[in-house]
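Per-chain numbering from 1; labels A, B, C, D and E assigned in written order.
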Amino acid sequence: AGAAAAAEKVAVGALRFTSHAPTFIAYERGYFADEGLDVELKFFQAAQPVAVAVASGDVDFGVTALTGGFFSLADKGAVRVIGGLMSEHPDHDGSAVLVSNKAWDEGVRSMADLRGRSFALTQFGSSFHYMAGRIAEANGFALEDMRLVPLQKVGAMIGALKSGQVDAMAIVPHIARPLDAAGAAHIVGWVRDLGPYQVTTIFTSAANTTERPELVRRFMRAYARGIADYRAVMLDQDRDPAATEAMVDLIHKYVYADRPREKAAPSIKAGAVHLNAGAALDVADVERQLTWFKKHGLAPAGLTMDKLVDPRFQPAGE
Amino acid sequence: MSEPACAHAREGARPVPYRGGGFAPRPRRWAGAAFLAGLIAFWEMCSRLGWISPLALPAPSEALAALRDLAQSGLLAKHLGASLGRLAQGWTLGVLAGIAAGLAAGLFSLARAGIVPLVAALFPIPKIALLPLFIIWFGIGEESKVATILFGTFFPMTIAVYGGVDNVDRTLIRMGQSFGLSRLSIIRKIVLPGAMPAILSGMRISASIAIILLVAAEMIGAEYGVGAYILLAGNLMATDQLIAGVMILSAMGLTVSWLLGMAERRLLRWRA
Amino acid sequence: MDLRVVGLTHVYAGAPVLQDIDLEIPSGRILCVVGPSGCGKSTLLRMLGGLERPDAGAVLQVGEPPEGCLNPLTYIFQDFALLPWRSVAGNVALALEDRRLGRAEIARIVDDVLARTRLSAYRDALPRQLSGGMRQRVAIARALAVRPACLLMDEPLSALDAQTRELLMDDLVGLWLREGFTACYVTHNLAEAVRLGHRVAVLSRRPGRVREVIEIDMPLEERAERMPELAVHERRLWQLLREEAAAADQELADV
Amino acid sequence: MSEPACAHAREGARPVPYRGGGFAPRPRRWAGAAFLAGLIAFWEMCSRLGWISPLALPAPSEALAALRDLAQSGLLAKHLGASLGRLAQGWTLGVLAGIAAGLAAGLFSLARAGIVPLVAALFPIPKIALLPLFIIWFGIGEESKVATILFGTFFPMTIAVYGGVDNVDRTLIRMGQSFGLSRLSIIRKIVLPGAMPAILSGMRISASIAIILLVAAEMIGAEYGVGAYILLAGNLMATDQLIAGVMILSAMGLTVSWLLGMAERRLLRWRA
Amino acid sequence: MDLRVVGLTHVYAGAPVLQDIDLEIPSGRILCVVGPSGCGKSTLLRMLGGLERPDAGAVLQVGEPPEGCLNPLTYIFQDFALLPWRSVAGNVALALEDRRLGRAEIARIVDDVLARTRLSAYRDALPRQLSGGMRQRVAIARALAVRPACLLMDEPLSALDAQTRELLMDDLVGLWLREGFTACYVTHNLAEAVRLGHRVAVLSRRPGRVREVIEIDMPLEERAERMPELAVHERRLWQLLREEAAAADQELADV
C-alpha cells in the first residue's frame, strides 16, 4: 500500500509478555510501516488499563482476554473485538490446571476432584474466573461448589498455591511445567481438554471501526504478518535454530529486557503459545463466553454480539 | 465602643486602630457540610448537563442508586462490618506501635539511630508490590489484611510522633527532672501531652492511609469488605458502583476526621 | 499624640477583669500603672495598643504621631516575645523590615539600639543562648528601634539586674528628654513608678478599677538626685496597695 | 569533676546527683548505617542457612545480583531517571500546594471549613481504585503519573501544615501585629518558621508516600520507571527482581530522609 | 545538709561563663547571689541542682537532708516552667505525684500551698489564663509543696507586685524560721538580697567569678524592722555592681 506519503499515527497498547510478540515483530520488521502506519508502542502493566485507554482514545489497538471489565466497556459502546489471537489448541500446550501438594496428598488427582476445593484467580470477572466456570461445567458441578479466592496477581496465586493456602489454579504452561517438575505443585489436567477456547482477542475503539475501517484493515494485515512470522518459527523451534535465535533476539528487546539474554532466552522459548493464524476469531466461543459472563452477572445483560464483535476485519481465509 | 468614640470625634480624637485578632480560625460546622453538599450538587449538575461524560465520571445520583441497591441487598452491612473490623484492628495496633517507636526514637539516641533509617527504608515500600510475599508470610486470612493496614499506619505515625517529641519544650523536661520525677513520669506527664498535637495530626494522616489501604488489604482473598467491593466494581468497569464504594470510604474518612476533631478540642483545650 | 481611655470595661469568660477605667495620657507624658498581680494591667495595655477589643468603652488617640516615628504605639511585652529562630540582630530588625528602609539604614539602627542596650557582643546569639535579663534587653532594643510615639511597657525592667536597670532607666529618661515620647509604664516597682511617672495610676484588685491617680510634679531629669523627696509619693502608693491587699485578704478569709 | 570529689569524700561529702541531661537524642550516623548493614547481613545469613525459605524471601545477594543485571543492561539509569523525574515533579507540586492549603486552613476560618472536610473526604480515596478514571481524566502520558503522586502527597502535607500552624505561639503573632507588620510578613516571618518543624515532618511522610505511589502511578502506560519494573517483576513472579526494585525504593527513601535530616539540622538549629 | 561548690568552671560553646567558683552554703543558711545580667547566675543554679554538669569542679552535698523532705534540691525557675495543659492545682500536684502520697494527702498539700500563695481562687485555671505574677506564684507554690531541704530560687519574686512580694518574703522568712531550709537565692533586687541572705555573693560580669562574699549577721526575723541598718550592706553591694558595670562599659568602649 502507499506507505511513503503521510504515515498515519497509531498508538498500540502492549504488555511485556511473549504472547504479545506479534506486536513487536510487526513493529520491528516494518510491517506496520509497510501499511502506512506510524505505530507508537505504549506499554502497560495490565490488560484492563489498555482497554480503558482505548476507550478514552489514548490508544488505538490492544490485545486482551475477554473479561467483565472489557464487556462493560463494550456495552458502553467504547471498544469492539476485531480479531482473535491466542487460543487453546488441541495440538499445543495451553493453560494447565495445577493443584497444591497439600491437595494432591488429600487425593485430588483430576479436575473432577476440584468440587469443594478452593481455586485461585486474579480477580472476579477475569479469564481465570471463566476457566473455573468451564472446569465446573465440564465436570458436572456448580461454580459455587468451588471456593474462589481472588489474589490480584499471578505471583500471589503461585505463592498461595505453593504454600498450600489454595488448592488449585490454572496457569500458562511455561509457569506450570517448572512448578510441576520442581515438585512444588502437580498438573492434573489441561484447559484445552475442555474444548475450544478463544483466550485473547484483538480490539480497537468502536469509533475506529466506524470512522476509520480502512485503517483498522491495514493494521490487521500487518498484525497477521507478525503472527505468521511467530507461528512459523516459535511453534516448531527446532526446525530452524538460527531463525529461532533471531526471533528470540527480537523479542528480548521487549520481554525480560533487564535480564541477560542467556537468562531470558529459555523463558522466551518456553513461553511460546498458540496464536490463531490470520488473527481469525472463534466467534462461536466468544458468544459462549459472553453468555457465561452474563449468566453469572459479570457482564451487562444488554450486551449483544453485534455490539461486542465487528466481524468485518476477519481475514478471508488462512 | 461606638458611643464614646462619637462623643470625642469632634475633638479630633479617633479610636486606636485595632491590630490584633485573626490567626485563630474558629470551626464552622455548617460551612463545611454546606460546602461538601454544594460540591456534590455541582457535580450532579455537570453530569446532567453533559459537561462530564458518563465514561469519565458517573453522576452522584447514579452512585447513590448503586449504594441503595447495595444497602437493599443487605451486603452493605456485611462489607462495612468486615472493613471496619480490619480498620479498627490494624489502625489501633499501628498507632500504638507507632507511638511507642516514635517515643523511643524521640528519646534515645540509639533507638533513633536504628528506627529513623529503618522507617526511611521500609516506609516507601509499596504494600501492593509485596502482596505475593505477604500471602506467604501472613496467609490469605484476616492476618494479612490487618498486617497490611498495620504496616501502612505504623510508619507515618512513628515519624509524626518523634517529630512531636523533638518539639517538646526542653525546659519543661528539666523542670520535671528537678522535681525528681521518674523517667516514666516525665514521659507520661510531660513528653506525651507536649507531643499530643503532633500525635493527633499523625493520627489524622494515618487514619486516612489506613482507609486507603483497605483496598490493598482486601485484594487478597477477601469475600466481603468495601475494598473488595471497589475492586470488583473496578474489574467489571462498573463506575457507578466504583464511585459508590469510594463514597463509603470518604464517609469513613469524614467520620474519623470528625471524631479526631472532637478529641482535639478536648485534649488541646489548653492551647489558646 | 494623646491617648485617652474612656469607660473601658472587659470581661474574660464571665469574670470581669477591668471595670470603667478612665485615664488620660497627655502627649509627652509618662503614666505609670501599678496594682496587685492579676488586676488587669497587661490586659489594659493590650487594649491601649489595639491588640485586644474592650467589651465596652474605647481607647482614643488624639492628634497625630510626630514625624519620623515608625510605629506610633509600640510594646515591650512582659514575656519578651522573641522569635526563637532569629538572632538578636534579626529580632530587632524584624520590627524595621516592613518599613521601606534600606538595608544599610536598618543595619545602622540595629547597631545603634544594640549598643544602647549593651548587647553588641551578642548580635548573632539566638534567644535560647541568652540569659533572662539579656532577652528582656533585646525586647527593649527592638522597641526603641522603631522610634515610638507612645511606648507601652509591661514591666520592662523586672528581669534586669539593679545596675542595668539603673542604666536603662537613665536611658529612658534621656530618651524622653530628647524625644518626649508618650508612655504607659506598668510596673511593680514603686521606686521605678515614682522615678519615671508624671502620673501614677493605682488599680484596685481584680476587677481592676482606677483607685487613685497621683500626680508627681518634679521634672524627670531632677528625680535621680532628689529621690528622698519622692519618698512621700512612694509611701502613699505603698499604703494604697497595702489597703488593696488587706481587702483581698479579707475577701479570701470570707470565702 | 572527679578529683575534688575525692578530696572531699572523707568528710562525708558526695557530689550532688546529676538529674539533668537525656531527652536529647544525638544523631549517630554510623550507628544507623551499621544497623541497616547488620540487618541485611542477618537476612543473608538466615537465607543461606535455610531459615528463610527462598519462597518467602529471596536472599539479599540474589536481589543484588538482579540489581547488577539491571545495571549492566543499562536500564537502571532509564528506570531511575523516569521515576525520579515523576517524583520530583509530583512531590514538589504536592508539597507546595499542601503548604498553601495548609496555611489557608490554619489561618482562615472559611478556608478551614472548606479544606478540612474536603481533605478528610478525598484523602482516603485509594489511587489504585481510581486508576481507570485517572486514565480517562489525565490520559496515559506523564500527566496521570504526576497527578497520582501529586494527589497522594497533597493531602498529608495539608494536614501536617495546618496542624503546625495551629501550634505556632500566638503571643509571637500578637507581637508581630503590635509592630505593624503586614499580614504577609507575619505569615512569612512568624507563622512559616514556627510551623517549620511540622512542615518538615510532613515532608518526611509525604516523600515516602510519593515513593510508594510510584508503583500505582506507573501501572498506566509506563515504559520505564522503578514502579513499572517492580510491577513487571511481580507479574513474572521474579521475586529477586521484585526485591531488587523494592531495594531501589528503599534507597530513595533513605536518601530523602538523609536530605531532610540535613535540612532539619539547618532550619531548626534554633531549637535546643 | 550543706552545699559546697568547689572550683566550678563552665564554658558554653567556647565562651567561658563561670570560672573557678568556690562557695559554701551551710545547712540552714540562705546564700543570695547577685551579679550583672548574663554573668552565669542561672547556670550556677542549674549546676547546684544537678541539672547541668560543670566542665570542671564539683558541687558537693555534705550530710543528709532532713526527715519528711520530699525533694531535697528544689527549683523555682526563672521562666516558671508550668505545664500549659495542667491547671494550677495540677501543676502543683505534679511535683507530688511520684512520692507515694495518698490522693487525700496530695489534695491537702496542694490546698495548703495554694492558700499560702493566695491562689486558692484559681485552682482550676490554666496557665494561659493567668497573669505573669500569678504564674510565678504557682511556681513558688509548687516548690513549697515538696518541703525542700534546699531551695534554688532564680529571681522568684521579680514579676510580682510590691505587695505580694512583701507578703511572700515574709512567708519565706517564716518558713525558714520554722523549717530552717538551706537556700540559694538569685536576685537582682539588692533590698531582697540583704533582707533574705545570711551571705550575699557578688559575681563579676561574664565570665562569672566570685568577686566578694558579704556576711550579714543580723537574724532574719529582725530584718524587717531594722532595714535602715541593712542599708550599709546594700550600698556596698551597689558599689560592687557599679564597678563591674563600669568595667564592662570600659570593655565595650575598647571593642
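Brief remarks follow.
Simple rule for what comes next: contacts are C-beta pairs under 8 Å (C-beta built on N, C-alpha and C of every residue); 3 or more make two chains touch, one makes a residue touch a chain.
Because the structure is a prediction, the values reported are computed rather than measured.
Traced through touching neighbours, the fewest hops from subunit A to subunit E number 2. The greatest centre-to-centre gap from subunit E, using C-alpha centroids, is found for A.
For this structure, the chains sharing the highest number of C-beta contacts are B-D.
Computed from the mean C-alpha positions, the centre of subunit A lies at a distance of 39 Å from the centre of subunit D. Centres computed as Cα averages put subunit C at a distance of 26 Å from subunit E. In this assembly, the C-alpha centroid of subunit A lies 84 Å from the C-alpha centroid of subunit C. The multi-chain contact residues of subunit C, meaning those touching 2 or more other chains, are 46, 49, 51, 73, 79. Touching two or more other chains at once are residues 19-20, 55, 131-132, 136, 174, 177-178, 180, 231, 234, 237, 239, 242, 271-272 of subunit D. Of all residues in subunit A, those touching 2 or more other chains are 48, 52, 55-56, 69, 153, 155, 158-159, 162-163, listed in ascending order.
The list of touching chain pairs reads A-B, A-D, B-C, B-D, B-E, C-D, C-E, D-E. The residues of subunit C lying in touch with subunit D in their complex are 46, 49, 51, 71, 73-75, 77, 79, 81, 83-86, 94-95, 97-98, 126-128, 142, 146. Interface residues of subunit A facing subunit B in the complex, by the touch rule stated above, are 48, 52, 55-56, 67-70, 72-73, 76, 78, 123-126, 149-153, 155-156, 158-160, 162-163, 165-166, 298.
Note for the complex: subunit D touches subunit C at residues 171-172, 174-182, 185, 189-190, 193-194, 196, 269-272. Put simply, subunit D touches subunit A in their complex at residues 55, 69-70, 72-73, 75, 131-132, 135-136, 139-141, 218-223, 228-229, 231-232, 234-237, 239, 241-242.
Interface of subunit C with subunit B (complex): residues 3-4, 6-7, 46, 48-54, 56-63, 73.
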